[in-house]
């Protein structure tokens, strides 16, 4: 039984708390968050101890491993504290807002034996994971063109956008990781940033983008992002190879098709947002974290993966603003 | 080049005229129909001779083969005349309204060398034909359960229903032939007739029906019929075997899917009715007719097929009215 | 917090145990089953007390409500004991093997205030529940024809079939309830029983069946059952009305479509069997049970529903053996 | 009745000949091609006159309008001759290999009253045309992101590639026109050219490409091309707007879905190549040509459309070789 300490009591922390509780090999024992109104009810719901000082999680001897759901600026500090305390850590993405910060973190971690996993949940989604497995099994042949459609159902509040780090680090970061999942290291980035929603015109951020990536084998990935989509959270992936094409489709909450005098075989709108769409992915991600601890091995996603996705995001930012291809 | 004489100038005759004209190995040369307003413009459109006396088609030396699109009560007479004239004939279904009449016809044809094909167009539909081919190739294994959904877009006028011979001979006759196409000879028939549309309550005919058929191997076919369907002409077929299941889907006039805030991946309504839905089937049916003539062999569908479908229709009528299973 | 006692430690009991444990308003406190090798590990897994005597669950003061997963012959006894003990009960279907037994049970329950829910899980399946809601909302108009395809992935062992009560009480019972869910009370039953699998020829039971039901409005339901299906657990439902048609589709474990040189857009095989296919339905069923307790009201599915489905199953048995329509 | 003269007797000429013959308002009267082995059998098949000198078509008084299917280098000359002869002309794309040549042609045509239509057949495809209509009707809202997947089933012979003008003028030219159909004038082009097929490595041409286009409203189009696709001719289009998303799907020759122990609902491979996939589009294109003649108006596609698509192709070529965005 792995005893889990949770850093943070926000939205994603609550998802992890529920999954830990439902897991047979793990139990939640401690939650820390400076916001008492958030942490107290969550701790009471699960009958566990809590603290307003996140650092307490890392020093508590009853905590075997930690899940870091603190705000992004604290990630580096919390990862280091977990590593130094000898506690395996699962940290939400992104590691940091700047590649430089992550590079420093990696330098500091050198020499410390640690198990740190980064929460790129989509790799664990049953659909995307199955596609990756089919590629590994040779079903697709050589991967030549990856097409990612990734659109949020609606734009977040402007206050969120202001501190989000921009669309590439906030939203596309997941798609960059998906591109790396199928193409390996990326060598060039070209971005057309779009400002389509007049309501968001003054945010200083793009609200949509089309991105072309290449790898050293000459394969490509195109990412089409938008901050809105009338049908919900639009998450599709196509992997085209010389032997087969794979398409990962959107999910709905049921399997009903409606036919009437206007249209036929209409499906429901997509699952609304990431907590629903990737619910199963979050649970499988935790499984991987627990399995890596149990087997004393590196987890499937690392800080390095975070660093590389962040590097692409920075290149995307540069390309979108200069109108030039950025080579990595 | 096969020179075709057309008996009849109605709706289905016009479909055949167009197909003959577009065919490289056949040409339309003669049309006969007592209704001058129908036959004259059709003959002028294709620049061919016409007559108000159908019998002229059978005696015309320039006619190599005939397509019989006369009213059902004249089919037997026209089939016989074509046979006696030594002209291959394609006759629209049904042969007649009563099994007895068809039996007499078959007796009269005995001893006359003739090529007579019956227009069970659905057997030539690319979807149903492909399903049949997959069954023949063993892909499905042993056919165990056939499910036919067959609904018209809207009920015909009451005047038509009054002389139609009833839903089983008018509409289900095609589905009975489809059942025979996949199951061979039918051994039992059970029917629940439905009267669902209040507008049709006084027609003395059912406006919907659910039919269960069996063959001598213990396989089943269920047919679900309705005189109306909000989404158009609903024509689906499932063939379930011990190795695979085949589903034949409805057709639309284009391949657009629409997703919005209410629904996703909605397709267009179905092709509206049989002339559109089975347009390709009619052309392939004619191909088979011309090929049988050229190769001097029996066509794929015979008067016997018509007789057997008609016999099932009569059994269906009996079952629906007595509430009993009828064994053939 | 509702404290749950579980009667039985078999396959379905384990499903309920897991769901109860994951539920925030319920907790598992007691399990009873005479088979120590089954009950002991399950009790230990969840850290709860256990007994080898099922009766202990009904007398235990720490148990607020019971879930009855005992063998069918014990259901009546256990339902009565729960009712007399004043403990709400969720009982797996079927209530009993004979309508007479259920009628006696209902007579004995008269005068006892009790909350008894029957586990017709499919009513709670998100797809079927959504279809029912759309019917309630008038989207479909008048329901005219219901088509149920219900096939198991593979036949159970012959030993199971021998004591199963026959295909209609064991397998079709769920489909009869689905038909009642959409059509209300059933007035006639016609069945073609099939013996298609040579391996099962000596079981004395049908291994497939096609069933036609009617209700007093003249609407129909057809059920197509088979003990095997090459693609997995085939669970589809069509509801046809005068305004719209609804189709409930099969489920897969992921949303990948594969296209290659042989076929395109191929989906995965169906979820293998009922525990996976109806996993969500079981959880929502428990929710309804807990909600009925909390709100002190009748649950959505009752013993009467069980009795009525059983009565149809008996009529089906009779029709299949006599070849006659049975009127209810 | 419009009397048609056909310049050329190759593959696409034969498609047009058949469509003209099946058309009620047009008839084929003359074919010209210097290759006697091609022109003679075609002329005999349709019973029309022929010549080995293409110029004869333009001077023949019995010819009302011409369809130009000559090799690309002759298009300009033939368009001019038709215009000067006062005969409406439908010319296959591309007008020429260089924008400059087309500009000169347009200058020469100035002052000559002429009806010249360019064969961008895809605009007439029922699927793409329907999508355009839905955009026009406001169903999609503001068009924001267009995604075009366009892959050939297999690479043409190297000899063809050598004289094809390169992938952008030969293959992508159609996709550039589709992008213009939905986005209007294009303002920037960025291309990643790919060399994935080792067999084609020495052709000096790309065998795949990913292209990003923008228009002056900030909307984008991405085009993903490949010279091969295992499942056939892959022709898909997505139009994303703020109100709805439209998806144009691939076509198959029938509507059968196969389910077995390995996969479910598998469809057939795509229609193999453009003559089959766009068969209906070619017929509708001719309809538009005949309608424009009858109504004495400009046809839906003009030489200017050809010039603009060609200009984008040249920009694409430049971008692919320089690795820079090209602004138009």
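A, B, C and D label the chains in the order they appear, each numbered from 1.
Methods note: contacts are C-beta pairs under 8 Å (C-beta built on N, C-alpha and C of every residue); 3 or more make two chains touch, one makes a residue touch a chain.
Here the structure is a predicted model, which is why all the values come from computation and not from measurement.
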Chain pair with the higher count of C-beta pairs in contact (A-D, B-D): A-D
Centroid comparison with chain D (C-alpha atoms), farthest chain: C
Classification of the chain A:chain B interface as same or different, half of numbers criterion: same
Distance from the mean Cα position of chain D to that of chain A, given in whole angstrom: 42
Computed distance of Cα centres, chain B from chain A, in Å: 57
Chain centre separation (chain B, chain D; CA means) in Å: 39
Touching two or more other chains - residues of chain B: 230-231, 243-245, 250, 258-261, 265, 268
Contact set on chain B toward chain D in their complex: 21-22, 24, 45, 126-127, 129-131, 134, 139, 243-251, 253-261, 265, 268
Chain D-touching residues of chain A, taken from the complex the two chains share: 141-142, 144-145, 147, 149, 151, 188, 190, 192, 194-197, 208, 210, 212, 214, 218-220, 222, 224, 226, 228-231, 234, 238, 240, 242-245, 323-325
Residue ranges of chain C touching chain D (in the complex, touch as defined): 230-232, 250, 252, 258-270
